[in-house]
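You will see two complexes here that share subunit A, one where it goes with subunit B and one where it goes with subunit C.
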Partner chain A sequence: MAIRRKYSVSDVQKVIHALISKLISATSPWTSWQAVYGYPEGEVFNFSKLLVYVDTPIKTGTLTHQGGRPAVTMEIVLGCWNSGGDEGTGGVEECDIAAGHLLDLFGDVDVYSTQFTVTLGATTYTNKTLYDHGIIVTGSTGPRNIPVEDPLEYRREVTVSLIVTF
Partner chain B sequence: MAISSECRIDFTGWEAKSTRIKYAISEAVKEAIDYGMDELSRKVTQNLGGMRHKAGTKSPSPGKLPVTMISGNLHQAVRHKRIDLTRGAVFIDKNKAPYAVHVHYGTKKMRPRRFMSDAVAERREAIINRQRYLVKLKIRRAGGNPSEILGL
Partner chain C sequence: MSLTDNLGAPVKEVFIDNENALHRYTLVNPAAAAAPVTPVDIYGVQDVTPGAVSCKKTFEGFQQGGRGERRKIMLQPEYNVDVKIFLKDALALVPALLKQTWGAGGHYGIPLAFEDKPLINLESIYRLPSGTHAGSLVCPDLILKDFAPNFGSDGHITTLPFYSKFLPFEMKAGAEMVYDVFTADGSSLNYTLSATPLNIVDVSERANMADLGWVLDNAVYVKVRAASADIATLQTSGFQITGTDLAFTTAPAAGSKIEIYYAKATA
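So, the complex of A and B:
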């Protein structure tokens, strides 16, 4: 259990980002995309690739049981943003494919078999799984279509529900 | 002395109690939905009630709640309505603040300020607890046992 209670928000965000970055570095079709930690700021909007952003998680509740340390339930928004127009980066279809892959990733037990490396505080955890970090996925919903300003820009968001143990 | 040969079974008391409890639950649900909508609207309005700044100037706290105000239209656009007896909705009046969705989800130039989903996440547990209490209270007052009826 690597997640630190007092840093749970940023730690969970880093772990999920590391998981997605690992897939993006090694697995097709994830390699066509780009992972962003947090909301994509102006400078990353070069859109050479579709962006998969990992937004800040929100705590939604606490799970307590006698004799055990309480766990928290969280929701994290993962978004796909494609602004290369229909020619450059695959358009709306690419965005939907990315959203579908995110939904499938967090709706399948395979999410627990992907090993990745993440640094939390001063400690680097090498080749650990989501389960090793004490994160259990309870569901994923979406994709929600997010209105955008540019007609050739496409954006979807998926919400993933988690139980985080410490 | 004749012994009666019939055995009467009378469920009228049970039926009256069931009707009373059913009515109590429907009243409690109405009250619980109203409470949920009020509480959520209050929190959303609070999330939209940041300091005022002039049009054309940058927000003093970009990407943070409460959302800062220029015209104040979004702050005044929080509405709620009852959909049916068991459902209600809190929403933003699009005619009053058509830009609400961009404030909530962000744009290329503006970070998101999720005034609605943050309010839901923050108040969900408290609202559900209060709603559960309201339903239990009404059932108890109608002479029922909430644990038996709700299985809680």
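So, the complex of A and C:
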């Protein structure tokens, strides 16, 4: 039960980012991409690898039981952003492959088998799984095509539904 | 416990998704004796819904002239178990339950009429999203009542209606069912079980629920089935289980099958 109720937004975001980062550090084809915490900001992007960004989770509801506090349902947007011009590699197909991997990752019990390390507050949790953190995945949808200005730039977004327990 | 207690949020272990359930069965009276009989996974299950247990006979006893609490004595329990399953998987499962093989070397058609005899022991297993066993529901000795495939708008899912005369029970995480079947040689008194049976709450702890067939606290049933017989005889005496030793006081007849259904700790 690592997620703190009052810090649930940033804790969940950090945990999902740490999970994606672990896959990107070790598992093909994730190693072809790079993970970004939060929405990527910048006037001009110059990245050689496709970005997988972990946006801010949104609370969508509660799961209650009588007599006490509820668990929380959340949705988190995971984006794939392939840079335009000569910097991007793989084009639209690469973006769709990344989106497909995100959809499948959060659509199967295999999502609980990856161990990763994350620091929440002052505590570092070493080699824990998503389930160890009390996060249960209930589904993934998408990808949505996000319009971009550069003709050789591609963006997709996947939404992952979670149950967060404390 | 206080009137003003505020409970914490439900823990993660309470959230179990559809895909975390696994249903498997062992054939009652399999073609070949084995200890243990290997369970078979069932594909395509959408839902397993056991109904409430009802008893065919009930008696209510109280003493005339007194004010004792009324107590009901219940006999001959029965309950229904509806298995909702993809039609394609049902068409494969039903012949398997009847020990038939489709196609080459087997049959190409089966009448949809079924004898009133136990076909399977059903074990419905619940696992946490992490894969850890969370507990199981066990329905022994299921009898298939009928099977009417539907071709409606949801025709890809059909219902297999089973019932049983043997009480269902729930089982603790970390335990699983074992079905051992031996062929008696007519002289041996002792048979070695494939695992050490765990204790199960038996009828002696449920005082007014006699005649459920649970005669031991570490086996759901022990049956002896005469050679080629459809119906077995539940054993209620003349044997005991110590560790993995199943010991009879009188040797079962040669060629008969000894069937024992019990729980073991998962290795």
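Here, the second predicted complex is superposed on the first by the 156 of 166 C-alpha atoms of A that agree within 3 Å, B and C clash if a C-alpha of one lies under 4 Å from a C-alpha of the other, contacts with A are read in each partner's own complex, and residues count from 1 in each chain.
Everything that follows uses one rule, which is that a residue touches a chain if its C-beta (ideal position, glycine included) is under 8 Å from a C-beta of that chain, and two chains touch if they have at least 3 such contacts.
What you see is a predicted model; the values in this text were computed from it and never measured.
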{"item": "Clash or fit, subunit B versus subunit C on superposed subunit A", "value": "fit"}
{"item": "Partner chain in contact with A:75 - subunit B first, subunit C second, else both or neither", "value": "first"}
{"item": "First, second, both or neither for A:61, with subunit B first and subunit C second", "value": "first"}
{"item": "Which superposed partner A:39 touches (first subunit B, second subunit C, both, neither)", "value": "first"}
{"item": "Angular separation of subunit B and subunit C about subunit A, which is computed from CA centres of the superposed model and rounded to the nearest 10 °", "value": "80"}
{"item": "First, second, both or neither for A:151, with subunit B first and subunit C second", "value": "neither"}
{"item": "Which superposed partner A:136 touches (first subunit B, second subunit C, both, neither)", "value": "second"}
{"item": "Superposed arrangement (fit on chain A Cα atoms) - minimum subunit B/subunit C Cα distance in Å", "value": "17"}
{"item": "Residues of subunit A contacting subunit B in one complex and subunit C in the other", "value": "none"}
{"item": "Subunit A-facing residues of subunit B, complex", "value": "63, 101-102, 105-109, 111-112, 117-118, 121-122, 124-125"}
{"item": "Touching residues (chain side subunit A, partner subunit B) in the complex", "value": "39, 41-42, 45, 55, 58-62, 75, 83, 146-149, 155, 157"}
{"item": "Contact footprint of subunit C on subunit A as seen in their complex", "value": "1, 63-65, 67-72, 109, 112, 129, 131, 134-138, 163, 165-166"}
{"item": "Touching residues on subunit C, where the partner in the complex is subunit A", "value": "5-12, 15, 17, 19-20, 128-131"}
